[in-house]
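Okay, got some structures for you below.
Heads up, the next two complexes both have chain A, just with different partners, chain B and then chain C.
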Partner chain A sequence: MSRTKNKLVSQSHTTTKAGTDSVLESQPLHRSRRDFLKTTGAAGVTILVAGSGLAAVREASAAARKGGTLVHLIQPEVPTLATYLSTSSPVSQGGTRAYSGLLEYDFDLNPQPSLAESWSVSEDGLTAQFKLRKGIKFHDGHPLTSADVKYTIMEVLKQVHPRGPNSFREVQEIETPDEQTVILRLEHPAPYMMTAFSSYESPIVPKHLFEGKDLRNLPYANAPVGSGPYKFVEWKRGQYIRYDRFDDYYKADMPAIDRLVQRSIADSATRTAVLERGEVHLTGFGGVPYSDAVALEKLPHLEVTTDGYEMFSTMVWLEFNTRKAPFDNQKVRQAVAYAMERQWIIDNVWFRFGKVATGPINSNIKHLYTSEVRNYEVADGLEKANQLLDEAGYKRNADGVRFEITHDLTPYGEEWQRFGEYVKQRLDRLGIKVTLRYEDVATWLRRIYTDYDFQVTSNWLHGFADPVIGVHRAYHSRSIRQGTVFVNGSGWSSPETDKLMDDAGVEPDPKRRAELYKEFQQLVVEASPIAWIHEIKFPTVYNNMFSDVITSPLGILGALDRVHLS
Partner chain B sequence: MSLARKRVHYAGRRLAQAVPIVLGIVVMNFLLLQLAPGDAADVLAGEAGSATPEYMAMLRERFGLDQPVWLQLLIYVKNILSLDLGFSFRHNMPVLELIMERLWPTLLLMGATLLLSVGVGILLGLLAAARVNTWRDTFISVLAIISYATPLFWVGLMLIVVFSLKFDWLPATGMESVAMFYEGWDRVVDIARHLVLPAITLSLFYLALYTRLMRAAMLEQYGMDYVVTARAKGVTEQRITFKHVVRNAVLPVVTMAGIQVGSLLGGSVVVESVFGWPGLGLLAFQSLFARDFNLLLGIFFLSACLVILVNLLVDLLYTFLDPRIEMK
Partner chain C sequence: MKEFWKRFSRNKGAVIGLLVLSLVVILAITAGFIFPGDPFQSVGKPFEPPFGEFLFGTDTLGRDVAAGIVHGARTSLLIGLIATVLAVGVATIIGGFAGYYGGWIDDILMRITEFFQTIPSFIFALVLVAILSAQIENIVFAIAAVTWPPITRLVRGEFMAMRNREFVQACVVLGMNDLLIIFREILPNTLSPIIVTGSLMVATAILIESALAFLGLGDPNVMSWGFMIGAGRTFLRTAWWLCAIPGIAILLTVLAINLVGEGLNDALNPRLRNQ
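After this line comes the complex of A and B, so read on.
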């Protein structure tokens, strides 16, 4: 019922705007006039309105700011819009538009005001206080207050969110002395927590709609109500999701565009074609293959950027099963790490969309990263590797083979197959005979994280903005959790590194924290349970009829509230 | 009994027989899907990029995956019997609702494809058989073989490149123009324009099949005694072809078309993914990889019903085409 009503309202809104929009969004230029005529005819508006539409175009090109429809291509298809239940890329790309968070972040991952206009953390790190702006409204007109924030963190994020229980694990209690003040009381200091307040990571949901209901079965999962820049209008399954500008958005004059439409297309070649044709304007996070991104960059109306993934710190690596021979032996793991030519892999397999990785912490996290670790990216890597294998006691037989292994490939696209082929050929030169195995996602996850039935697999994990959130899970002994995916699959841990992670997790002093993590990085890189290959630089492709598209380290998962017509 | 009553009676009996068949299919599908390693919780958490163990345990409990398989099956069959297709946790929606939203685009594409491929296939087969072993026959046969042998996705992409990118005559993807919000006739025209390329792509493959089948059936019929008799009686060639031969030759084509309705659902996966058509095939494909078995079983159930229904219609159609065939 409410959906029908929404649709009617939005359509009357469309009729008045149709003329202007379609002209502005049409790309390439020669299409615009025809589409324009078509739309005005279809909407049944008179020549008079059409005339004013043209006037609006001229005005728009002079001011070049307001109006327009941005079509965002999401890959794979969006299953739900419940970003409080899932952090998967399609769900977040689909749903984050509707929500706001307490904070935003600049490209160096420093907090910036959002719903909260100011904030402070006490010296001992046990209290965090946020001051909300006045007059913030949800899309249904209900005011957003400290009570909504408290409810969101305590009852939603800490209960049903995939990462919330970890991010907010130290939060004991939340006080709300008035409608604008939120005070978080922590059991131990949680320096990482301040990176988890974005609209993507911790969307603030409306208490008055959620409270007392089954959070896993809410109508708002597929028709979100938040306080974000865009208001949900309708979702035609398999076709599009439509958002309109939220007029009462708390940032004045934002967003500048009228409408945001999200689509999915399963075939990657078609995705590239519609970007080229201008039917869609924006895609990221693997929306187009790396090879196509290189080609699209050459087109005059498309831009390709690798900004906007700083908060994900995504890394590509080879993960060893350290429970079994031969990779229970540190020297064998180091040998494989030495054998990899990281820059070559980036240049040839990932079409230059990457940066050489040196260890467990991504170089994005500037204040905690160190490059002072054992360096595996050396010119004489093969000799070093052969020497290590000899020392480990794996001698070559008459055919020059030391041992045979099966290499599992993470099933997320073609580049992983090419990477696997590279590994096979490269290890062949060490006398390691490799068989490749490629399965579907569910089978692979079961094999790596439940059955532990593998020897070495390619893998990629997001490191996020703080090691506690994204890095600990791959190295801590507590993260060896059978049946839980994307945790410590290698089975490696050590009491020293466990302690370093535990201490750094509750260390409020940034300098001391950096020292703890430096030691941690040196120890883990030496043990090499994982051979880190590179930090992925995902390409985002957008049509340059729009400007200020990527303005946050969350990129297309940011608010997208600053985007406007060029 | 009048013929009409006989038909109703026949249809009723066939439908009653279909119930145990569908039930058997449901049970078999359910058991087959259990063989796939990994479950929906793995995939959901995998997509999230990270999860706590508690989160995963909660997912499994909620999906009923912590129950033994026989109990899950029992519950599922019980629900199916009360026509409840269950809930898709991945989409946070009842399965029936999800399927219904995509059903009509699927039927539209299937219907258009069936009409186009059967219609044009019969025509081409007829043309080829009427002038057998001439250049026309050879030309049609070669065409049929090429379109049969060309991969669907390639045809689709080439059509997009030529008719969308190059000439800009037809839209490349989707079922409707996004953000245009057409009403009435404009909407019909808009959808029809979007339908052209996917329907042609999907038709090409089946068209070739029907052309070959029609040609062979026609040639067989031409050699029959009744044709010789008709010729001896002085009936014109045209009348022999249209009144006698075509009517008989169409029977195998119709049979084939009925059988292929099922595979049309599957074959449309490729076309749906290339053209972004919001159909059931792609939904089924995605739910297999997501281990969203409630949804997948729902789609299987629906397509089983669809195939049974279409085959019943085909059988009824026989009696119209050939009155000698009796309903037993």
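After this line comes the complex of A and C, so read on.
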């Protein structure tokens, strides 16, 4: 086992020797003699090339940009590579490399060409047309045509994908007049659908391999065949997943690296150590703790970025159970929202990896977000909160206590515990006596989403690229679904906000849509069924021997097709 | 009693241990006076180094580490004492009956005891706390549940040895009630090994509680040394005092209890007394 690992790692080292210097320092000192010989060999070549003139130097640097093995650390361990069946972070990190989507997105979430070189949506919002590139191939050499796209959306994504049935719910039929043209006919306009064509959200699968088979039990689940930048080679369970460059990738000259290796390490301290030593080059989405990311950032060979999560719009909040006292009272909810010092929480609990949240829609979604809502992040938050509690009729008793509550903590790690401790001591100053409760994940989920046996809990949800996909589920009355997790746990809804969401969901005009969502945000923030704390900025750590690592709002869940040696 | 002190003080370590332990007990009792208010309340900037504005510095949320230590002493000692009393109580009853009656009663009670003894104790405690939820009562219960079997076996052995002594047989002949014989005649004679083992058990209980809290299974509403180490572990490289100070507190307390236990052993052990 360790032999194979060593080999993979050492190959990545040797290929980089010609072009980098600072990495050398970061390599472990205890290298085998064979590695040493390889290294000197490669260095010798560089010297020779450098000696033969300027043109050759340019050639050498171009050559240095090509090749290399990127070792990607995925946390937690990858269970399967079937990204058409699961959208969980390890599955997507493991499998997305093999697939392409119709579109890509820039950091402002505007669609960009990918498999589709052009696209258009009719004015009434009922037809979407995509024009595919010519000559796209799957990894097995079979051409990718409109038939594959139709099959993928109708038979795979709409049937077995976790979010597909929602994203493509309005798609009635798909026409494929020729091999390059895909026409989606919708029942109602679906403006959010245009955010759902990435390789992560909607991977295009090969019809000729999938058709007529049991989709939940395919050999291609763990040996993916797609049209993505990297071709699956092998998966040694418990050791590594290996992808090689796909030579017939539709983007010429991409990817520049030869090989992508994915590993998982259970222990977080070890994960940090292997990044430090340069044995792995990339990790994100909780791969290293926030506090370690701060320390790693100071190392010369590592970069830490918070880009590449724009498509997830993850938010941390306090969710009130509005079904019973005291949080059935809007003023009490607002008081708690006023009492929180969001920036302090970001700085001290999340190590600055966050941005103050103002309401239900993440500020990433620039065209729909508004900051013109009631602002709870104010300097005199405590006074405002005390005043609201007085108005709500919760007077302090002789001990200065207004009422007692139990605060449930999100059982996802240390920062949630620290956050809970902060909430406890902060609410103490309002005269709210807090008892903290920390349970395992299953118990906590049952308590919040099935038994509704809680008062206030910390929580987090991905808002994704469009409110219909990620935001409605936390506020719509239809999303109060007992037993379904990560939906509307607060139990709050109102006919007005329901209608605004329904209307905005089928509104093709972007300006009108933004107005509907503005009103929605103002109403929800006023009612405060949730006290929004911050938008998490996950750290991604990568070795700077590679460049252009994070080039899409999907970050490490994107294609990683632009990455190259520095 | 005078004799007892003489024997106890002959062991220098035990005297030092007793001094340290007394200090910890005093700190625990006066915690509310020295650091009034909630030790979870943040009092200053996060990560203030020790021996500055705050004696032991502040932690990641700006909480006073010294306040945590003093309030944590209360938690640790309380948990140690209550869990030990519980464990020793259960062990005395079960071990006493098993040792006194023997036969099938002994068989049944000992098989039950061995059943508990074969489960790795810390893992068993983890499971119990995970199932019962992390509240201080449940933690005490879990610690007692994993520490009673060894004491039970000790008590049983002592009772078996006493059972056939002449004074016990005399009581039986006199027609004395079994319960009276067990509690009034045998128990006082087996008390010294139980006290010694019990005193060492307090140290074990403190360690188990710290380990549980370290793994995030402490009561989140109660300040304890294990909790402080667990919360500070992430910052070992940047803020050493978050782990080092509560670590030293645990070390000193556990060491002191062990030394006192040794001293008690010297003072109470009848074999030494006869030498």
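Following the convention adopted for this analysis, the second predicted complex is superposed on the first by the 504 of 566 C-alpha atoms of A that agree within 3 Å, B and C clash if a C-alpha of one lies under 4 Å from a C-alpha of the other, contacts with A are read in each partner's own complex, and residues count from 1 in each chain.
As a convention for this text, a residue touches a chain if its C-beta (ideal position, glycine included) is under 8 Å from a C-beta of that chain, and two chains touch if they have at least 3 such contacts.
Quick caveat: nothing in here was measured; it's all calculated off a predicted structure.
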First, second, both or neither for A:S291, with chain B first and chain C second
second
Counting only touches as set out at the top, which of chain B and chain C does A:D428 meet: first, second, both, neither?
second
Partner chain in contact with A:V485 - chain B first, chain C second, else both or neither
first
Output check: A:P539 vs chain B and chain C. Expected answer is one of first, second, both, neither. What do you get?
neither
Of the two partner chains, chain B (first) and chain C (second), which one does A:R242 touch, if any: first, second, both, or neither?
first
With both complexes overlaid on chain A, does A:D440 touch chain B (first), chain C (second), both or neither?
both
Which superposed partner A:V71 touches (first chain B, second chain C, both, neither):
first
Of the residues on chain A, which ones does chain B touch that chain C also touches?
440, 443
Quick check on the complex: what are the chain A residues that touch chain B?
11, 14, 18, 21-22, 25, 30-31, 39, 41-42, 69, 71, 76-77, 79-80, 82, 86-91, 160, 162-163, 165-166, 216-217, 221-222, 236-240, 242, 259, 261, 263-267, 269-270, 273-274, 276-277, 279, 440-447, 449-450, 461-462, 470, 473, 481, 483-487
Interface residues, chain A side, partner chain C - complex:
289, 291-292, 295, 348-349, 409, 414, 417-418, 420-422, 424-425, 428, 435-440, 443
In their complex, what parts of chain C are in touch with chain A?
38, 40-42, 46, 60-62, 130, 133-134, 216, 220-221, 231, 234-235, 237-238
Chain A partner, complex, touching residues on chain B are 36-39, 42-56, 58, 62, 89-93, 98, 101-102, 105, 153, 157, 160-161, 164-165, 168, 171-176, 178-183, 186, 272-279, 282-283, 286, 289-291
